[in-house]
Amino acid sequence: MNEPVRIGIIGAGRIGRLHAENLVRRIRGATVAAIADVVLEAAQDCAAAFSIPGAVADPRALLEDREIDAVFICSSTDTHATLIEEAATCGKHVFCEKPIALDLPAIDRALGAAARAGILLQIGFNRRFDAGFRRAHDLIAAGAIGRPEVLRITSRDPAPPPSEYVKVSGGIFLDMMIHDFDMARFVMGDEVEEVFAVGAVLVDPAIGAAGDVDTAAVTLRFAGGAIGVIDNSRRAVYGYDQRLEVHASKGRILVENPKPDQVLRADAAGDHGAPLYRFFLDRYTEAYVAEAQTFIDALVAGREPPVTGHDGRTPVVIGHAARLSLETGRPVRLADVASGPG
Amino acid sequence: MNEPVRIGIIGAGRIGRLHAENLVRRIRGATVAAIADVVLEAAQDCAAAFSIPGAVADPRALLEDREIDAVFICSSTDTHATLIEEAATCGKHVFCEKPIALDLPAIDRALGAAARAGILLQIGFNRRFDAGFRRAHDLIAAGAIGRPEVLRITSRDPAPPPSEYVKVSGGIFLDMMIHDFDMARFVMGDEVEEVFAVGAVLVDPAIGAAGDVDTAAVTLRFAGGAIGVIDNSRRAVYGYDQRLEVHASKGRILVENPKPDQVLRADAAGDHGAPLYRFFLDRYTEAYVAEAQTFIDALVAGREPPVTGHDGRTPVVIGHAARLSLETGRPVRLADVASGPG
Amino acid sequence: MNEPVRIGIIGAGRIGRLHAENLVRRIRGATVAAIADVVLEAAQDCAAAFSIPGAVADPRALLEDREIDAVFICSSTDTHATLIEEAATCGKHVFCEKPIALDLPAIDRALGAAARAGILLQIGFNRRFDAGFRRAHDLIAAGAIGRPEVLRITSRDPAPPPSEYVKVSGGIFLDMMIHDFDMARFVMGDEVEEVFAVGAVLVDPAIGAAGDVDTAAVTLRFAGGAIGVIDNSRRAVYGYDQRLEVHASKGRILVENPKPDQVLRADAAGDHGAPLYRFFLDRYTEAYVAEAQTFIDALVAGREPPVTGHDGRTPVVIGHAARLSLETGRPVRLADVASGPG
Amino acid sequence: MNEPVRIGIIGAGRIGRLHAENLVRRIRGATVAAIADVVLEAAQDCAAAFSIPGAVADPRALLEDREIDAVFICSSTDTHATLIEEAATCGKHVFCEKPIALDLPAIDRALGAAARAGILLQIGFNRRFDAGFRRAHDLIAAGAIGRPEVLRITSRDPAPPPSEYVKVSGGIFLDMMIHDFDMARFVMGDEVEEVFAVGAVLVDPAIGAAGDVDTAAVTLRFAGGAIGVIDNSRRAVYGYDQRLEVHASKGRILVENPKPDQVLRADAAGDHGAPLYRFFLDRYTEAYVAEAQTFIDALVAGREPPVTGHDGRTPVVIGHAARLSLETGRPVRLADVASGPG
């Protein structure tokens, strides 16, 4: 057996703690050497909770630690790109939460640095590691339903985020639908060429006041000719709702929502089943484990992880195109939004 | 094209009217010549509703009518066996509602008369013609799931019948579970050898006062070694509930309840689907049509219809065995209840 | 009881025969006096099959028949508008299959004539009478899920029509998606203001050669702010697929496909359920009955039927807007396509 | 925060390792001090895998260790009762895997010792902690469906155990259906008074040669009048199948099987869903965690855990009654099988 991969975690917020817990308790082949957070107390608290030896405020301490092989970047989005560059300079492999950045030049600088340094990089699109979405991908990639022709994705959150968050998040396309743009590429095995977006403020006027929409639908045209439609809502009173359908020449695949239990109660009013999960960490518990395990396994094997920097960049391009389409009321080609290394 | 088969209907109650309507409106190859009911007005009313030329009080008028080829016996249960005998004597083919009779000697006299006269006879176990139960039968008969090993049937009525009806109906085993005994033989393709019954009065004390139970479970042993369990309840607040499962060496078949619609409403309390049908005529609308069409087609082709006199007799034997088991608290072999022509 | 409404049927093709059979056998309060078809033999054949007294070649014979109260226009689409005008002139009430016409001036002339004559007019959007779609509509109209925000409709046919049919049908938006445009208005209780369409030829090159697409997605903007997405495909190997979802402020409603049976077979490869219906007449059998009964009931009551001329016109407007959007690659407002009486 | 409860684990086989892993990684409030196994290497291997300080061959070392508060008895069934007695003597709280023993005198000695010592004792009926079965229990206990009237339980294993195991396991009623007997009491909130069992050898002749059956159905009579039917099979090619239904005066509750994913593939042959789990540790992963957490929480709070010694004893009594019923072909009252402290 190899020595475990030594991990440093940057960011001890909700998602940093989740990765810390998984790496300590459920991931084979890794140990967590230290955790950093600008709020030192948060790092210390997480370290104590999961018996992590080191807790620091400055992420540079991790990046310069020769005992650390790789870092998980779980800090705020605006720090991701710079931290990737710095990690690359220090020769650390990187798992980075999505998105890499909201602006493409920053992404390109980060990806350029990673490429020059030859580090391994995985972007945190956790839904690719969900059992259902993964099996859908695998069946489609294996040709089980023939050539994909129509994609439908629905994503809805139980409740809208605070409008302060909306302001810095990049908006619905770069914060929320970005997962669906990634999923679209993943399950279709094809690239998006053009988008058309519509949006509305139906849930929370504060989101509108912050310059964003809370309800949106985007039409996708794929390079291979297929068509996609994605709809998002910031509110679903019945829970965290993420479904996908691919219609193809020889059949169709649906990915339905899992549920916390399979109890069906019947009374004179009909059948009643359990509500959906209400929180993404409950919905994607196992996906996060599989995601981190995949990264560690790739490091151990010395091979490129499956969600590359390019995979992290492209949904941001699609998000910008969708935003531009919403603003102009016109379809937008990706080629008109971004060029460069991609 | 052949001349249509000329039908006389005996009994203008609920089920007689149903067959009249189906024969007039939906069955190919048949015409209804006349309808008889001891309440002449009922016969006349039905005749008027469905443009049936003749309406009489005495069923003998139909049986002796040379223009009539076959009769549908839809009168009260206590008249079935005698009418079969008389119809046989008159050379009329017979479709007879279940059960043929509650006592086996009467059944055997009727079946003997039918056999001697060489008439074609079909017993009204309508559920065999339901799309779901039929496909389950066909899949099993074709070996799709291998050798059947375990049968489960659940049947529940929305609400109990009046206790006066319970008194003359033969009780839960001969009135209600008789359908399940028939279904057991149909889908398993095997004969029941022994039963063990338990019962309780949980729904309506009046049923207990009438000497019957309203909740019952019967274990079946089949000749080929398989095991079955049937449960019945006289009350299901959520609707008319009939499900079946066959577990076998290479798989399993479930027949679930159909629903009036496929609407799923979700709210914070969960998912909500439509209630089941509440009335057997709504649940088995199409099965009744297929049943009558099958009978007419058999007459036209001159071949034996698929639910024979033997198929009508055997569930009565099982019902008597179940009743005896309930009374004695012991398993009962069918061979100990009935012998004879079967 | 009133005298039955006397109906003349114009067109003895597939849909004309269906209405004839339903009116004769299943609809209360109506009789069919005569049927007309330019192919006299087709009219005669249908008349014989369903005991209809009259069979003629020229529809004018029906329109001028004083014994006839109303006509069902089931002839080819290009005759609908003129026949409505003529029927109006003759004072006959009209049930007309969809679409009224492909061009708006013809529709407006027909609706103008009907209005001037004061006849009752119902357009044949049969899906509104399906149990599932109707209950979804009723729940939404009753406020069961709050304010509608997102609509999703999927419609797929098992196999593409002949390309000759495609040429005269008006194309996918006016022939196929027109049902979904109607459904969108029906369940949302709101009007479409703008559409954006994308399309592709993925199923049958002959459809492309005929100037149409066989795969399409249309985004809708509703007057009240809600957003809709509709996708259509001319081929679904797994059957006739029509589903709908309305997401709203207090919940969500899904209408799933009904199935011919509820058999679930399990083996080592998983669970296997029945395929969908493969033919729209099997899928919508009961909807066609409910549709015709509704028309007859409205005539008897002397009230306006529920699918008005305006309801017949508007989906054609949306279809033209969708076609223009497809051709221009730009969103199109309905106001830019049509004006007038509407 | 309290000091963590210090646990010793007895038995490093499959289930002992599972509890070790859960206690180390997922359970709050506990630490594992040592693990014992008669095969010392197995104990050492488990200790190494989960960083457990101590590994010994003799469980007495754990029982006499003053630093240990409680033991998990995960050794072979024939050692359970004696170990409970010894643990009680040593004042250790006990979590013991099911069954306590196959013979009632041994169970009674163990429970007597536990009672005299005043230790807390929980028996390992893990299915009570499954999300679905638990919610069914909670709904029924809260009166959500009224008074329970009919219980149905189906349990099927993917493949039969080796016949050597069958010989020492106590047979299908004490090894497999014992879970269902416990579940019956749990969800019905009532006691079984009488059973009737039928069985057959349909899966593996070696099981018959070992004196057991591989397919069985048991009818239960509850003290409150309700009726239950349980069916078991040692083979289900489609996976690990455990379902439950309670029919009651005001409704019905079904607990269906969870699935590894919610992917539905459709093709011309119909709909295809994922197979069930094939291994009980995958099916009940979370139930085992909840079970152990419940025990630890009870220890911390100093209250009696929810699955008592009595709960462990009663299913063994039912199992013996079922076995006697199978052998005699007669219903058997529990009162005729067992008396005593219970």
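Labels for the chains are A, B, C and D, by order of writing; each one numbers its residues from 1.
Heads up, the rule we're going with is that a residue touches a chain if its C-beta (ideal position, glycine included) is under 8 Å from a C-beta of that chain, and two chains touch if they have at least 3 such contacts.
Note that the coordinates shown come from a computational prediction; the quantities given were computed from them, not determined experimentally.
Using the average of C-alpha coordinates as each chain's centre, A ends up farthest from chain B.
If you compare A-C with A-B, the chain pair joined by more contacting C-beta pairs is A-C.
With each centre defined as the average position of its C-alpha atoms, the distance from chain A to chain D rounds to 40 Å. Distance between chain centres (mean CA atoms), chain A to chain C: 42 Å.
Measuring from the averaged C-alpha position of chain A to that of chain B gives a distance of 58 Å. Annotation for chain A: residues 237-238, 250-252, 266-268, 274 touch two or more other chains.
If each chain is drawn as a node and touching chains are joined, the picture has every node linked to every other. Within the complex formed with chain B, the chain C residues making contact are 25-26, 131-132, 135-136, 139, 144-145, 250-258, 260-268, 274. Against chain B, the residues of chain D that register as touching in their complex are 147, 149-150, 152, 154, 156, 196, 198-200, 202-203, 215-217, 219, 221, 225-229, 231, 233, 235-238, 241, 245, 247, 249-252, 329-331. Interface of chain A with chain B (complex): residues 237-239, 266-276.
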